[in-house]
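Beneath this line is the structure, given in structure tokens, with notes to follow.
Chain nomenclature is as follows: A, B, C and D, assigned in order of appearance, with residue numbering initiated at 1 for each chain independently.
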Amino acid sequence: MNPVNYLYLAALLFTIGATGVLIRRNAIVVFMCIELMLNACNLAFVAFSRMHGNLDGQIIAFFTMVVAAAEVVVGLAIIVSLFRSRHSASVDDASLMKL
Amino acid sequence: MSFPLLTATAVLPAVGAIATAAVPAARRTAAKWLALLVSLATLALAITVLVRFDPDGARYQLTESHAWIADFGVRYELGVDGIGVALLALTALLIPFIILAGWHDADPLETGSRRWRPTQGFFALILAVEAMVIISFEATDVFLFYIFFEAMLIPMYFLIGGFGDRAHAGSDENAAAQRSYAAVKFLLYNLVGGLIMLAAVIGLYVVAGNFSLQEIAEARANGTLDMATNTERWLFLGFFFAFAVKAPLWPLHTWLPNAMGEATAPVAVLITAVVDKVGTFAMLRFCLQLFPEASKWATPAILVLALISIVYGALLAVGQRDIKRLVAYASISHFGFIIMGIFAMTSQGQSGATLYMVNHGISTAALMLVAGFLISRRGSRLIADYGGVQKVAPVLAGTFLIGGLATLSLPGLAPFVSEFLVLVGTFARYPVIGIIATFGIVLAALYTLVLYQRTMTGPVKPEVSAMPDLRMRELVVVAPLVVLLIFLGVYPKPVTDIVNPAVKSTMSDVHKKDPKPEVEAAK
Amino acid sequence: MSAPLQLAASTTSTGEAFQFWVLGTVAVIGALCTVFMKKAVHSALCLAGTMIILAVFYLANGAYFLGVVQIVVYTGAIMMLFLFVVMLVGVTAADSLKETIKGQRWLALLCGVGFGVLLLAGLGNASLHQFNGLGQANSGGNVEGLATLIFTKYVFAFEITGALLITAAVGAMVLTHRERTERALTQRELAEKRVREGKHVPPLPAPGVYARHNAVDIAGLLPDGTPSELTVSKTLRDRGQIRDVSTEALNDLKALEQRAEERLERTEIEPATFKREASK
Amino acid sequence: MENLIALLIAAPLLGAAVLLTGGRRLDAVGHWIGTLLAGASFVFGAILFADLLGKDAEHRTLTQHLWSWIPVEGFQADVTFRLDQLSMTFVLLITGVGSLIHLYSIGYMEHDERRRRFFGYLNLFLAAMLLLVLADNYLLLYVGWEGVGLASYLLIGFWQHKPSAATAAKKAFLVNRVGDMGLSIAIMLMFTTFGTFAFGPVLGSHEKPGLVTGASEATLTGIALMLLLAACGKSAQVPLQSWLGDAMEGPTPVSALIHAATMVTAGVYLIVRSANIFNLAPDAQLVVTVVGAVTLLFGAIVGCAKDDIKKALAGSTMSQIGYMVLAAGLGPIGYVFAIMHLVTHGFFKAGLFLGAGSVMHGMNDEVDMRKYGGLRKYMPVTFVTFGLGYLAIIGFPGLSGFFSKDKIIEAAFAKGGTEGWILGACALLGAAITAFYMTRVMLMTFFGEERWRRSETPSPAEPSVEPAAETHGEHAEPHPHESPRSMTIPMIVLAFGSVFAGGFFSIGDRFLHWLEPVTGHSHGDAPISAATVTAATVTVMVVGVTIAWLQYGRRPVPVVAPRGSLLTRAARRDLLQDDFNHVVLVRGGEHLTRSLVYVDHTLVDGVVNGTAASVGGLSGRMRKLQNGFARSYAVSMFGGAAILVAATLLMRAV
């Protein structure tokens, strides 16, 4: 088997995650989908680092993880306070962006 | 380098504006006096400029030049030629009268509220406008000019929309609606013009590589910078459009009647006598100097438009029921004359046009301010609401008549000189247009005298029977203007001496010579 | 282990291939479930599964350190965080997958599919067949290799990331922490307030009906058998996690009355019929 | 000596300034200040006149350069005065008659609380008129030209509380503006043709003309016609004559000074001054003569029909000026006589107007002659002076009018050719009609039974115009009485002038020799002898008088005007000229402005507002896309990303 398949898999997962972001209303689930996308990217990076034979890809993946961790912390905090203020975690409820 | 006199003339009112705005709400009168003093100080500075200016010296004098935005070759370049000096002086001269005339226009209707301080704002805005107008008369860097040409709109917008005429027809909110309509219309018209000009300014930079008026003009003159014909024409149109909106030239004029009708009389004077002059001035300075060939190319069309403005504006003035709108349409007609004089490409025409800007400023100020006093007494702008005022308030009527006579350019008053020069200058090159334009003087007499007859003569209307005559403050405003009108009508030489050399060099920019008379004088 | 040897080749061992096809399928299914599960909890669990599989793939690709970190940090920490939040928001709350925005779903699917196709096509076009594996890169050991890079080449990024993490922690605290603006009311003050407002002076009724249920999520019944909202805690009310037992309670009541009647042979008395009427 | 010229103008100007800005504290003495300054101006004039007489004919031209007025490149207008025989004549006439009328006004305006301002305006008029005749270039002349227009505007509308007066004033100014248009176009033409518009260079003297010789005849004709247009406006010649009748709304002294003696003759001055232009433009000259002839008949006919004494006199003024214009159009034959008639007319017409004013003064400001009658025994001085003026104007042998008018008629015949005959005939006919209507006025006013005793009769067709008519004396029976001394003295002086001026001028052709150096003179070839013309003139005069006597002397005059023939009715309405103006100009203009206001509001403004509205609608539709749901925004972002990826891939592929 060709390791390229890892990349195909990453692409697939990424697409699924993106679609999830678009069709789910629950903020938490949306968030999970984002995580999924990030992981897909990580997988791609790892595969690439294997392809090029150096560890930079892995480093990037590593940083991605760290940043993702930070992002999750903040994001979840936002969700919680959002839920507190309006007793719902639906993304559509925050539709104040129009005049 | 010497003391930056030109910068000072612009900075002083700007600082004064900030100071005035900062006066606490309770000290309304203090703000008024502050504004008045600042404007007077500016006038003093302008007079020093006038004195320091040597008509026979270099074309641009008192120049200042500092690097500003080096990357785009934008420089902070100031300098005045004869035309600029004349208009600079006019602006500095009119503002004190405007402030004095608007002394009570911005008194808050309900007192006591701490935060609401309209008076300070009103006078601060007027001073801000003065600063911007002055610097746009001084700027010899196209970009610098453009910035203030546009920035001017902001304070004007608030002056029109925020401090409307209390004497309106109909209910308060109705008036408020009309006022905001007028203000927005003013803003949009001029913004559109400004945007198109911005495009042209950028285009100019692309072609010329810098924004300095003098450099470009020189390069154009000695042929080192040659534009493709079409490029030049497009750029010219871009500039001219903006100026034509500001000036206003038919058919871009419709914002003026609304603005002048809804604004208070002093602000109306500010619009027509000061701000609009920037447009005509810029035609003379930028259009002709930067794009001489295109100017000549466009001359016939522009002359026709100017002619339409003259006749059309006068005819509409005859048809108005509202005093201030009538004056506005009269101004449109006069701006037609100015533009016609500029593009007649004769030294008489252009000197006349410059003179016209000055005289029209003074005469319109006189007429409009007196009209404002009249309106503030009766509380109505409709001509039909007046009658027989002459009997109860003879001085007011007299000054009104003099202002009117100046508007119809009666010989012996200042506007006649300029109007006749413009007519002669146009006639010398375009006889037919000159003759048609001469009809304008009949129409001018028509609308002025009809206005005077309906408001001032005839049986005294009961509403005006108790009308007081001009008060001291109002007399102080009007009397100097009247004196000035008569003086400049009898002895305009001081102004013409300043203007002529500048016009001569403009003429040489466009490579035009006055047509020779058919019969040479035997001497 | 002999991973390096295999990793060098541009084709993988059959073992890895087998592992890829099996686990890959599972990962995709997990991802799909993450998207389509009604309940957030389930989505979270599916996602965790997918992540673990990805961790395995990392290992298979010679990213040993990342593989472990993936399990520890992601599956261990982040997903748990998710679960906590889910609990906070309400475990049993199932949100409907019915689309509210018109055309949103179709657009989303269209974009998704299109994007996926594009990516795959891109990968297909790209010439990625030449793999010179991690043989000598990992020769000094994967972790050491990473460490050298992190502390030499990427040291600044690393430091900045640390700063980022601190900030994130602080930010999370700031966001979730509620500043108490006014002093909390003492019990006495609360009592006085209730009296002043004159509403519900006695303490709130307890949940549970006839002491047969004492679960907090069951509303106590009023004498006429209707449930009383007051008896359930606000959070549950907000989540709508109240179990209503009023109907069965009413049925029990009816049965009880019937038994009582049968025992006392009171058949002809009006109230009974009336009760029967009422009980219907 | 030249410096006195400026003082001529300065004196009345100062008076105007003082009186108009002085305020109420001058009310007591204002009229004296005005009169004295006018008199001072006359004195200066007299001194200068003596000085000129001292010089020999060639050196009788004084010029005074004050300052450079409008210097722009080739366009050089100076404030320079030029005093030669022609202007001198006018100066004396203006200041002389002007001073007398100032004096007269003191009595006439006694009861008007705005008398100070009245004198201010009068002084303003004097200054402007003097500027007009003393200017050394056409532009400066223009200033005076419009200045007198302004003064006449102010004075006609002096009783502003009467709408009729205000309207008349406006009308006068507007009609004059049309004429002014002609003047300004003429000046522009001169500038483009000659590069200057000063009298000296352009005109030169009559024996050696200036630049005009170099210009093409077409150009000169154009200039001349434009000047004629100006003259028509100022001198109420057809077709711009309509304002003069309404101008009688003004106080009578104004009518006497401005609308009879001085201002209205400015047109004649302009033509005679520009003699050298007209001499080289025969076509224009022909037009001038035609205008003159038409107007002299027109005015005369109108004068016959009016029952308002002032309007009758206005018609007569029109027709007399017609004579002058006719004469001026004849060229060198007629210039001198035009001016001569102008001067004598200044005397007797002013006298007549003052007489009429005195009559009205005694008759509670009644102006309808049908309510006069038999006044001769009540106001003898007025009767005598008026009578002398009457004899003068109808050309009774020996009086002023006889000489001047007779000369003009001769000149008309002397023009030669058919047009000579036609013009001569017109002039004769005019003389006859003049005799007729003046006799009519005379008879209706001073003879016949005293119709004013029956003052309960319904008010006549002609509305009475003087203000007091509405206020008092509408039904109170008037008590005719002689006017005060201040009014009678000027009348007497003017009567003297109207009796002797003509003779004095004609004996030994004094006037001819005085004026000839400026205008030049030539005796045309008269087809008939002077004696014949004189005889004819006298006979037609007698005929006119007798007809008038037959109609108004023998039979009693009905108080209510009879319906009259078609011509009479037309003449009462100024031969329908006003109606024509009203229908064509006023109505048309109103409709034009109305429609233009509408167009401006709907079309010009509508286009802009329409654009704005459409933009607003469009953006309203656009904003529906912004539904505020983060997810739909995300979709668009995602789609965008997809498109970008696609783009990059395609780029790669290509």
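Here is the rule we use: a contact is a pair of C-beta atoms (placed from the backbone, for glycine too) under 8 Å apart; a residue touches a chain by one contact, two chains touch by 3 or more.
What you are looking at is a predicted structure, and each value in this text was computed from that prediction instead of being measured.
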Just tell me the minimum hop count from chain A to chain D, counting one hop per pair of touching chains. 1
Farthest chain from chain C, going by the mean of C-alpha atoms per chain? D
Report the chain closest to the protein's overall CA mean, measuring from each chain's own CA mean. B
I'd like the Å distance between the centres of chain A and chain B, where a centre is the mean of that chain's Cα atoms. 63
Cα centroid separation, chain C vs chain D, in Å, comes to 103
For chain B paired with chain D, centre-to-centre distance based on mean C-alpha positions, whole Å: 37
Rounded Å distance between chain A and chain C, as computed from the means of their C-alpha atoms: 16
Which residues of chain D are in contact with two or more other chains? 627, 629, 631, 635, 638
Multi-chain touching residues of chain B, meaning two or more other chains, are none
Expected list for chain C, residues touching two or more other chains, is 101, 104, 107-108, 111-112, 115, 119
Which chains touch? The pairs are A-C, A-D, B-D, C-D
Using the touch definition from the top, list the residues of chain D that touch chain A in their complex. 623, 626-631, 633-635, 638
Could you pull out which chain A residues touch chain C in their complex? 1-9, 11-20, 22-26, 28-29, 31-33, 35-36, 39, 42-43, 46-47, 49-56, 58-59, 61-63, 65-74, 76-81, 83-84, 87, 89-90, 92
Complex interface listing, chain C residues touching chain A: 7, 10-12, 14, 16-17, 20-21, 24, 27-28, 31-32, 34-35, 37, 40, 43-44, 47, 50-51, 54, 57-58, 61-63, 65-66, 69-70, 73-74, 77-78, 81-82, 85-86, 88-89, 95, 97, 99-101, 104-105, 107-109, 111-113, 115-116, 119-120, 123, 128-138, 142, 145-146, 149-150, 153-154, 157, 161, 164-165, 167-169, 171-173, 175-176, 178, 238
Where on chain D does chain B make contact in their complex? 20, 67-75, 79, 139, 142-143, 145-147, 150, 153, 157, 160-163, 165-167, 169-170, 173-174, 177-178, 180-181, 184-185, 187-189, 191-196, 201, 211, 214-216, 219, 589, 592-594, 596-597, 600, 604-605, 608, 612
Complex interface listing, chain D residues touching chain C: 627, 629, 631-632, 635, 638-639, 641-642, 645-646, 649, 652-653
